[in-house]
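Okay, got some structures for you below.
Heads up, the next two complexes both have subunit A, just with different partners, subunit B and then subunit C.
Presenting the complex of A and B:
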């Protein structure tokens, strides 16, 4: 199993797209904190920004594009055509010839993704919070360690969400587009919460309540419950993906 | 040793393999011959555990491919394309494959040298020509120094020098006791290197045996092939 995880790590880290996801995901949040600093300072001084408990952690959201890209390409890179003259040829063939036991392969892929994303989340969270302390330390207390850990967990689970969806669709373009639009341009999940309270339990919405204290959630879910609900989503989607992966012809 | 026993496969209600049965023995080159769409690749994909048959078994050294531990040390396989992601360098591709089977990094450079790609090790697979892709696929198959080789249309896209090289390589492999199974639709090419021939047509094995036996009274393997497959109305196509 160690060999398989090592192979999957190498495979992921030798893809240029993975580095786009890694660098972008790691840098975006700290850069936003830096760019927003003058505005945030003014808002604090004017008294328009009163709830400072989420400062820093809230900025992490934009960086989620990183784990989403990583989660998607871990799977989609297996399915993209390897050659113009052989449209049916895919890396998956080489992968399954090297590792024919499919569940073991998925186990290794999942582990590699979790390791990379958790490391990325730890780095970007540390950088974002350190910058926030440096810029607004007098007003924003450092969040409790449990909240920081929850933020890292949220990143990791988001990557796994993207990964599980791609495992089902076998194509990266649809899940990546949907996930990125949903997390940045228009949050369909958030709009849905305006229609029905049930939407508050969609994975991206409920997961954020693990570490965000803000009050703009229609249904307030305690952090531990939020974590469990998001995890349940991912376990269910991963189970569907794994069964399909096991059964389908490659 | 490769044993394929009464393999049946249906895809979208079309029968693509019917009771396919044959063996490929150690120390011999077995040619798997048939026109495009006859079921060669489908059979090999089932043999390699990529697709599942509706019934029948395909075994390598007595075991299904999916049950092999570190399979690359037993079987080297080449299917369509190189198997390398377009954005990955040849060396990076070989290294992850090697790692997955617990093989040292040094194997990557050794097999690159064996197929004459040393100078292209740092080139991305997407920039490879068809012939280079085949060589990279072959290099991947050789990583684990396997006793069994399963190659689907290995000469496709190779230049004359490449074809000559692979011919020699396969002959040497068989002489060293390896089991070599290669598919081709090029009968002249197969007649050059195969000891045994399995002819598949419309998903059925129509004949198998030694090259001389299959060729029989016909002048060439090609004549024998058309005689064997032209009995149905409309000929082999």
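Presenting the complex of A and C:
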């Protein structure tokens, strides 16, 4: 199993697109904190920004494009054609010859993805919070360790969400479009919460409540429950993806 | 003329384009309904309800352009056959852009009408149709340079849905120079959309002309 995980890690880290996701996802949030620093300072001085407990953590959301790209690419790269002169030649064929046991393969892939994304989340969370402390330290206390851990968990679960959807669609475009639109400033899920309260339990909305204390959620879910609901979504989608991966012709 | 017709037929026979167009339209219906019902509850969602759904579903048009352009480079490398049949690359590139625009126009019109008409924004329908068509052509031009569907989609969606809103929030002055401002504010960003589309088309034509297929 260790060898499998190592192989999957090497495959993932040798994809140029994966590095786009790694670099983008790691840098966007700290850069935003840096760029927004003058506005944030002014807002704090004017008293327009009163709730400071989310400062820093809230900026992490914008970097989620990184884990999304990683989660999608780890599956979709197996399905893209590898040779110009051999249509239908895909990396997955070679992968399955090397590891015929599909669930073991999936386990290794999932582990590799979780390792990479958790490391990325830890680095970017640390950088973002350190910058926030440096810039606005006098006004914003460092969030509790549990909230920081929850933010890292949220990143990892988001990558797994992208990964599970790609396992089902076997195509990178659909999950990417869905997830990136949903990570924009006003997400579609957030719009849906205005229509029905049920939308508060969509994975991205409920998951954010694990570490964001803001009050603009229509249904307040305690952090622990929020984490469990999001995990339930991921487990359900991963289960569907795993069954399809095992049963469908590669 | 024959080239344009051939390109149009190639696009019409791509199942992925049909699916994308259908999903985009369905998503627009859903979002228009969401905006309308939020408004009837007395808590409007902020942006202009006539155009706001299109701000999201323009992603479908970006994907449409990406898929149309990269279909030539996917397995089997259809582009080699294409340039064998039509060796003069610049006219080929023009025909491709025209065929895609012709294919997109009815989809864009239907989607724009779906969003604008229920919100009493009929005056915006032509502008929104033109914007969505130009966006598709721009996406296809970018994808012609990138030549691979997933990276092109990441690039475009990242620019339109992550970088664009951030830049506009950071400095309102930049709005007039971004290609996607016109989605929500046609009177403000139309020039930028046209300029970016022409620039992307020129870049695509030049790379297509001078790079090995």
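Structural remarks
Here, the second predicted complex is superposed on the first by the 248 of 250 C-alpha atoms of A that agree within 3 Å, B and C clash if a C-alpha of one lies under 4 Å from a C-alpha of the other, contacts with A are read in each partner's own complex, and residues count from 1 in each chain.
Assume a contact is a pair of C-beta atoms (placed from the backbone, for glycine too) under 8 Å apart; a residue touches a chain by one contact, two chains touch by 3 or more.
Keep in mind the model is a prediction, meaning the values are calculated, not measured.
Contact with subunit C, but none with subunit B, is seen for A:36 once the two complexes are overlaid on the shared chain.
When the two structures are aligned on the shared chain, A:100 is found in touch with subunit B, with no touch to subunit C. When the two complexes are overlaid on their common chain A, residue A:88 makes contact with subunit B and with subunit C alike. After overlaying the two complexes on the shared chain, residue contacts for A:80 are found with subunit B and with subunit C alike. Contacts of A:181 after superposition on the shared chain: subunit C is touched, whereas subunit B is not.
Look at A:110: by the touch rule set out above, it reaches neither subunit B nor subunit C. In the superposed pair of complexes, A:192 makes contact with subunit C only, with no contact to subunit B. Once chain A of one complex is fitted onto chain A of the other, the partner contacts of A:72 are limited to subunit C, with no touch recorded for subunit B. In the superposition on chain A, A:173 contacts subunit C only, with no contact to subunit B.
Common to the subunit B and subunit C interfaces on subunit A are residues 16-17, 80, 85, 88-89.
Chain contact summary for the complex, subunit C toward subunit A: residues 31, 33-35, 37-38, 41, 43, 45-46, 56, 59-60, 62-63, 66-67, 74-77, 148-151, 153-154, 157-158, 161-162, 165-166, 169-170.
Touching subunit B in their complex are the following residues of subunit A: 3-4, 6-8, 10-11, 14-17, 77, 80, 82-83, 85-86, 88-91, 93-94, 96-101, 249-250.
By the touch criterion stated above, subunit A contacts subunit C in their complex at residues 16-17, 20-21, 24, 28, 32, 35-36, 62, 65, 69, 72-73, 76, 80-81, 84-85, 87-89, 172-173, 176-177, 180-181, 183-186, 188, 191-192, 194-195.
Residues of subunit B touching subunit A in their complex: 45, 48-52, 65-68, 71-72, 75, 77, 79-89, 92-93, 95-97, 99-102, 125-126, 130, 133, 140, 157.
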